[in-house]
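Okay, handing you the structure first.
So that you can tell them apart, the chains are marked A, B and C in the order they are listed, and the count of residues begins at 1 in each.
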Amino acid sequence: MTEPLLSIRDLTVRVGRADTAPAILDGVSLDVAPGETLGLVGESGSGKSTLGTAVLRLLPPLLDAGTTGRIVWRGRDLLGLPRRAMRRIRGGEVSMILQDPMSSLNPVQTIGAQLREALRRGGRGDLHAAAVAALVEVNIPSPAERLRGYPHQMSGGMRQRVVSAIGLAQDPHLLICDEPTTALDATIQYQFLELLKTLRASHGMAMLFITHDFGVVSRICDRVAVMYAGRIVETGPVREIFARPRHPYTRALLASVPSTDHAPDRLPVIEGQPPTVGNRPAGCPFHPRCAHATDRCRTVPPETVVGPSHLVRCWHPQETPL
Amino acid sequence: MTPAPILEARDLSRTFRVRGGNLHALSEVSLSCSPGRSIGIVGESGCGKTTLNRLLLQLDRPTSGEVLFRGVPLPRLDTAGRHAYRRAVQPVFQNPYSSLSPRMRVRNIIAEPLLATGTATRAEAWRRVDEVLEQVGLSARAGDRVPSEFSGGQRQRIAIARALASRPELLLLDEPVSSQDISIQAQILNLLKDLRAEYGLATLFVSHNLATVRFMCDEVVVIYLGRIVERGPAARICTAPQHPYTRALLAAALPADPDAHADTTPPMGELPSPLSPPPGCPYNPRCPHARDICRAERPALASRHDGLVACHVAHEGGI
Amino acid sequence: MRNLSFNFALGLLALFVLTALVGPYLVQHDPLQGSLRARLDPPAWAEGGSADHLLGTDRLGRDVLSRIVEGARLSLAVCAVVIGVAGTVGTAIGTLSGYVGGWLDRILMRLVDLALSLPVILLALLLAAVSEPSFTNIILVISFVLWSQYARMARGETLRVKNEDFVDLARTSGLGHARIIFRHILPNIAPSLIVVATLQVGVVIILESSLSFLGVGVPPPNPSWGAMVADGRSYVVTAWWVSLFPGIAILLVVMAVNIIGDALTDRLNPGLRRNDG
């Protein structure tokens, strides 16, 4: 097995330094191999965005102070890294694109100025030529003209492509995508995902893809980690997870998504609501909503290997294919 | 024979004057909501589905065309007719944070449609509030609390309870689950379906999501740039779409299946500016099948198989 | 620290209101009745002072403490009436302007601009020149200056609230415009207006005092704090107490309401807290 690019071990993020402070992330471990795309799926409040932000050390000070564990990036623990070194990694080796492209771009600067700034930090020579090439790479028509334009003159889909061009300016090894398609229309999302696949191949980069949408996951990810209430409850290769999900939460979530192929009378549902941070149940956080829960689920389940690189955190992993 | 429609839109158009010209938000849209029927309106942002919803609710006036309630144009309803319309047609909006006044108790929010048209005494209204709260899966005690004490999913249940309070005949649902988490979406969709069966409700379900519409509706209307491009039975639209745009939408509705077939008609291009829609078929710049006629002449919405489609290519024998 | 100053301010304000309400019944001297034998008596602790006049007397031998207490009542009355008048007029105009929009909005907002550009002191002097100084005059002048701030705030807040879905929902329930304004708009814009009102207590007291100081405010012999400061200014060196104590009263009350107003702004401005997603 190749050395992982990113290796997160026992990452816990609390609201403050105290051991008793509520934890947003609770002992999360995962690996991302070079060139691999790992999907991070979960509902709001599951901690998936916090995880992505924590890798770049961009959490608000209170949460940053409450961060423990290890985030090993190419052999170096980012949690122990001085600010300057961290700044070099951010936007350089690791870069990020967010849900709202408008807030990632400066509204009073031209697209060109923002792109050239990123390219300059990447040490490119002819900035203008590089900027044009960067826009061409993300399929933006009449790039020379667009460079003189401002973000508000573009559509949401185009802005998101500009944001990716900026994110890729320094040839990152890892691109963290935090719900980059959620604000986009379906047909634009489709095209953007196709573009990301092309860029991933041409740059040979790995991706950490945060989303709540299983359709998106199946389109772009190699592996997937399902999060619930601050924990990873199941992780494995995409095909394996979709064909043989073992955790009751993964199964219920997959089953509850409507499909264009068939229309059942009712959707199978997960009763209740996801717990809020600070009100999470002890043991397996899913047990109050779980159809298979027993008394044992009040204690934290261990991580069990149930297949080739398929791990599940559950006392009662389900056997039948979905 | 189909029963008389509750609400009917005839050739509805809405044009907004904006800097830079006229924005044709909606053009010549006709549809009717009959008892027990569920229609889905599908389209992407800016297609005019929200404008349509507002016109049907008389929150906005059409530039041309009309909306009829039980055969009477809305502006010509008398007071009794207007009250009947307000009771019979109830909306649920997308954002449950914005749709509940933060300074009112849940009880008063839900009772508002009952008390506004003077159909119920206070005592009757409070009884009805308790009833609908339980129907949407909340306890009657929830009535004494304020919206900020509830989660997004619970708020949407309150909004649905409010819509049910006046025993409506038609619910206009504008993206009622798209701001919710997946596990909550399924709960709300099931609830809506149950309530529809229980009350024999007609529904108009506006959504960008074909899968949700397939689950919720009998019939689907696909809108692009303010015009209906295709309509037909939900099952057929989702399996054998006729219009290239519907095909693109279907391809873009990514199934949760990594082995799903590669798409024959992947979506291309972006939505053109509604300020200067392309001549001919509005979809022609993005359409992989566009011919000369598509750039010259706007296709009429005409029947094909068991539905309607506005596409030259489809009419000439299909794609 | 923040809480401490807030509580202190709240205590001061309570003291001010209490003084205004019951104080006049507790003081021993008639605030209007002077005694020629007791002119410019110093405060009790100074040389020559007596316990009879704790804060001394003014040039007509009136008890300074009694006058400050009576002045508190007067200030509170002016504040209440002005904020009531300006608040009602301003809120009505602003809410209407924001709710109706269009040409009415444009006309009303020009009116607000006009009101904001009028020099207040000049206006008061002008009014005093054409009519005797009176209680009504001062209330009219100050209200005329202050209503525009409510109008601005009410309009902005109405524009924000008007676009919330619950207003559309109320319309689809068949509620009329008047009921929408009273049941949905006003309760939701009220917090911001209360902040404006609180911050204006200080402004009103200062304006009233300034106008009275200039002699175009509350007519004598009523003991306005401003008029008292003005009264004492010729004796500042010899009889400092005549001006100083009413001055301190103004300072404390204005400071207290400003601290409270700031705290309210902090608490209410995040206002309708939302957590979408």
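Just so it is clear, a contact is a pair of C-beta atoms (placed from the backbone, for glycine too) under 8 Å apart; a residue touches a chain by one contact, two chains touch by 3 or more.
From a predicted model like this one, the values you see are computed outputs, not experimental measurements.
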item: Furthest chain, CA centroid comparison against chain A; value: C
item: Leading chain pair when contacts are tallied as C-beta pairs; value: A-B
item: Centre-to-centre distance between chain C and chain A (centres being mean Cα positions), rounded to whole Å; value: 55
item: Centre-to-centre distance between chain B and chain A (centres being mean Cα positions), rounded to whole Å; value: 32
item: Euclidean distance of C-alpha centroids - chain B vs chain C, Å; value: 52
item: Interface hub residues of chain A, defined as touching at least two other chains; value: 44
item: Set of chain C residues in contact with two or more other chains; value: 277
item: Multi-chain contact residues (two or more partners), chain B; value: none
item: Chain A to chain B touching residues, read off their complex; value: 43-44, 155, 157-158, 185-191, 193-194, 212-219, 238-239, 242, 252-254, 256-261, 263-271, 273-274
item: Touching residues on chain C, where the partner in the complex is chain B; value: 164-166, 168-175, 179, 183-184, 187-188, 272-277
item: Partner chain A, residues of chain B touching it in the complex; value: 44-45, 151, 153-154, 181-187, 189-190, 193, 208-212, 214-215, 234-235, 238-239, 248-260, 266-268, 270-271
item: For the chain B and chain C complex, residues of the former touching the latter; value: 54, 57-59, 82-83, 86-87, 89-91, 93, 95, 97-104, 109, 112-113, 116-117, 148, 152, 162, 166, 179
